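Letters are used for the chains, namely A, B, C and D, taken in the order the chains are written, and counting of residues starts over at 1 for each.
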Amino acid sequence: MLKIGLIGYGKAGQAVAGVLHDDPRFELCWIARRSGAPAELDIPVTTLDSASFGDWLDANPVDGIIDFSDVDSVHQYGEAVRQRGIMLVTAISGYPEATLDYIRDLGRNTRVLSSPNITLGINFLLLSSKILRRIAPFADVEIVEQHFRDKPEISGTARRIAEVLDVDRDHITSLRLGGIVGRHEVIFGFPYQTVRLIHDSIRREAFGTGAAFAMEQLARCEIGFHTLDELLLRVIRDELQEAAELTPPPAVRRDSSARAGRLPA
Amino acid sequence: MLKIGLIGYGKAGQAVAGVLHDDPRFELCWIARRSGAPAELDIPVTTLDSASFGDWLDANPVDGIIDFSDVDSVHQYGEAVRQRGIMLVTAISGYPEATLDYIRDLGRNTRVLSSPNITLGINFLLLSSKILRRIAPFADVEIVEQHFRDKPEISGTARRIAEVLDVDRDHITSLRLGGIVGRHEVIFGFPYQTVRLIHDSIRREAFGTGAAFAMEQLARCEIGFHTLDELLLRVIRDELQEAAELTPPPAVRRDSSARAGRLPA
Amino acid sequence: MLKIGLIGYGKAGQAVAGVLHDDPRFELCWIARRSGAPAELDIPVTTLDSASFGDWLDANPVDGIIDFSDVDSVHQYGEAVRQRGIMLVTAISGYPEATLDYIRDLGRNTRVLSSPNITLGINFLLLSSKILRRIAPFADVEIVEQHFRDKPEISGTARRIAEVLDVDRDHITSLRLGGIVGRHEVIFGFPYQTVRLIHDSIRREAFGTGAAFAMEQLARCEIGFHTLDELLLRVIRDELQEAAELTPPPAVRRDSSARAGRLPA
Amino acid sequence: MLKIGLIGYGKAGQAVAGVLHDDPRFELCWIARRSGAPAELDIPVTTLDSASFGDWLDANPVDGIIDFSDVDSVHQYGEAVRQRGIMLVTAISGYPEATLDYIRDLGRNTRVLSSPNITLGINFLLLSSKILRRIAPFADVEIVEQHFRDKPEISGTARRIAEVLDVDRDHITSLRLGGIVGRHEVIFGFPYQTVRLIHDSIRREAFGTGAAFAMEQLARCEIGFHTLDELLLRVIRDELQEAAELTPPPAVRRDSSARAGRLPA
């Protein structure tokens, strides 16, 4: 059972805390939040403060930290984590490039995973879209994302899909409709067939499942900087290897003499 | 440009003939059909007859043969193909096991590909479903296929998806509705998110695109028996290899001396 | 502003309370719940008890009551409501026939609305499906409902749709998948086109919006027993009337003499 | 059995001819086309020419004419139709206003129906969207249309839906993808639920089914200018009337004396 500390206790953080709390693979040991106010769960809460965070970690040791707070927090806890070799999964989107560089540098000393879209489903969507794009580069591609009325900007996930598929931003459509939690659809138009890959978010707790998956996989990695894409790739590569081993026995190499011998002239 | 002969000129065969005829990568040289009646395209037509088929091939040589006829035809042309090392793509579904054995045996002497679902989209659906199943074995899976009112049995494609995902037949739903050409949906239900993979057939010509892809890939294979799944796997494996090469430089291996040197004790 | 009392404070009741509390058309005055424990909202809470409920109503008068509790509650509050002419919206599904008779009888003395599917969207789905069925009786119909893994029985809404469309229960498909809140799809298959009507529930709060709509409409009705279907019908009839008035001026009736006079022979 | 003449024999016209030919309610008597070349069906073909069209009609009398040609044709056959009181269903989109005026004027002398979207499904979509918009004016609305890659402009149907719903053109999204025949989706976003109305075209023959429905309904109308919207409205009004008659007996009007008598004080 991995001991976990959670940083950030906003809407996403609260949902993640609930998932981790109920997952038998993890022990959620504490929560660090800006206000330091008590959490709904009966778990110690601290304020995130770079001066005292090392002491907190020594008194409340964990194997890994999951960050759902904001782009600034990592500067508060980064050195403490680095020195203690604690695993880090950060699910923050929108890090400035300099901060990303800092996080990559943490990967020189401990196992770090950074992903702005930590759900399994979205990462699968990214990967399988990429595969289909590779198989069928001639197909037309459109990305449609639907979210609640007040979401201001184009979804970061949709932008990431466009990037991965190397399609222009013009091919992203953003619809704002009532209370839709989050729907992403990638459509591939072929001359005589259509393929649709759709991801519907039901609740923020999906971040928790994704973070748990990421932490579990990260625990099997070497020290370094990782992404969820890459961890999924590894799982799939294993799958393909296995599939390859299940395919029929190696084909007979073309050999005119053998052929001549086996067949009637 | 590959020279192609087409066997079978029913509804699917006619659609495939049109696609091959318009594809600059191929020259459709002749059509073999039961009736021997002229085709709509201005192309020689012959009757399929085992006694004379070898002579036909010698007079009208091709690099590959595509079969959209029926389960019996392969016995008429198999030996002629085997002896001449002609490539074979057969898109027949429902071969008896003995016939499949015969076709696999043809793979000892020439390049053979057999696939009951020759469209690119369906084969992608199979593969990506399999990947998601592997990543998330805990997700619920349902397969829903929708076809025109008169389609009698459960779609072979849906059965194949169930087989590949190792889910029970109970999880296939077959709906018969008006004139739907063919829709397959695989739904993965997670606790807090849902993934839907949907394939819509628009027209039978999709078989032609798939057969063309299969023939083009087969031309790069060694002698042997192949499936479209496996050819796609190869494409994807290359993709993943390339992706792996694009990931950040290899992580620094954990090394306590290095770490001791770089960090304050 | 209508004064409202809410009966029932389970998951649905809590969601409804939140919606009513935030809706400027209503004042949520109190909640009656089995346990009598305080609610999350700062509102008086009472226990539902037939002996004392009349006194509670006199001390805490309301214009209408909304019931999201269970099939038994109406017997506790029914007579108190009847005697005071308080409006009643009950959103309970599964009433025994005798209880339904009792509720219909309340309609002799006050305005009552009973609907097992109180959301606007579902009631629209019912009505528009019925219209399409009437226009195109030859189309094939299938109903597909998808809910969270643990929902035990076929959705009552799906059964109601089948009833309204007069299609056999065989044409309902129930899929259980992860954490889907609730999805109902009615598919109409025509020979050359397909129509899909889809309702996705996002959160239980949808019940609150529906109850608010029902209460607002009920306030305009006469004393009697009503259903949400019927209230929507009224809205639509007004719409159609208006549409009819917008259509071009009345056509000239065929009249051979007029025609002879106007046209060249 | 209604005798029908068809004007126009392009892609849509050919599909419609096939449907009418197979429908036992109609006898397709002849086809008028620009080229005058023979049709695939064994039916007389004429060239459309205003000088001789009256004679053609007298020699080949019909009850109704269906026009799937172009915006100019009506000027060739209009007067001949007017003088003989022949019913007219025209399915042309994009008539200039002056031509529409001319067609409306034909309605002074005979039964005329004009509809740019003659399919049943699309007209149902228009009507039911309008109803939902009326019931729930606060819901967000988006219209998404998907068509084959080469379709140049925004679909006329999507523009018509926007017009009917009184939403801005900004809320139409047009996606161009491979060979999609035609898909229209109207999405209504509520705070806690989403409603999707989807129409998928499978083949052009859908125009034939719609034209047959329109002609059959038109035969029951009085002389005048009609639209398919309006004919559907009539069907629905009948439906609602019937539904109203099925609702429970009229509610008892509130009456304090009656109430006093029936209830304990």
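We take it that contacts are C-beta pairs under 8 Å (C-beta built on N, C-alpha and C of every residue); 3 or more make two chains touch, one makes a residue touch a chain.
No experiment lies behind these values; they were computed from the predicted model shown.
Common neighbours of chain A and chain B, listed by label, are C, D.
Among the remaining chains, A is positioned farthest from chain D, on the basis of C-alpha centroids. Of the two interfaces, B-D and C-D, the higher number of touching C-beta pairs belongs to C-D.
In this entry, chain B maps onto chain C through a rotation of 180 degrees when their C-alpha atoms are superposed, rounded to the nearest 5. For the pair chain A and chain D, the fraction of shared interface numbers is greater than half, so the two copies use mostly the same residues to meet. Centre-to-centre separation of chain A and chain D, using mean CA positions: 49 Å. Centres computed as Cα averages put chain B at a distance of 41 Å from chain D. Centre-to-centre, using mean CA coordinates, chain C is 31 Å away from chain D.
Shared interface positions of chain D, defined as residues touching 2 or more other chains, are 178-180, 188, 190-194, 202-203. In the complex of the two chains, the chain A residues touching chain D come out as 139-140, 142, 144, 146, 149, 173, 175-180, 187-194. Put simply, chain A touches chain B in their complex at residues 82-83, 85, 104, 107-109, 119-121, 124-125, 127-128, 130-132, 134-136, 188, 190-206, 208-209, 221-227, 230, 232-233, 235-237, 239-240, 243-244, 247-248, 250-254, 259, 262-264.
Across the complex, chain C meets chain A through its residues 178-181, 202-203.
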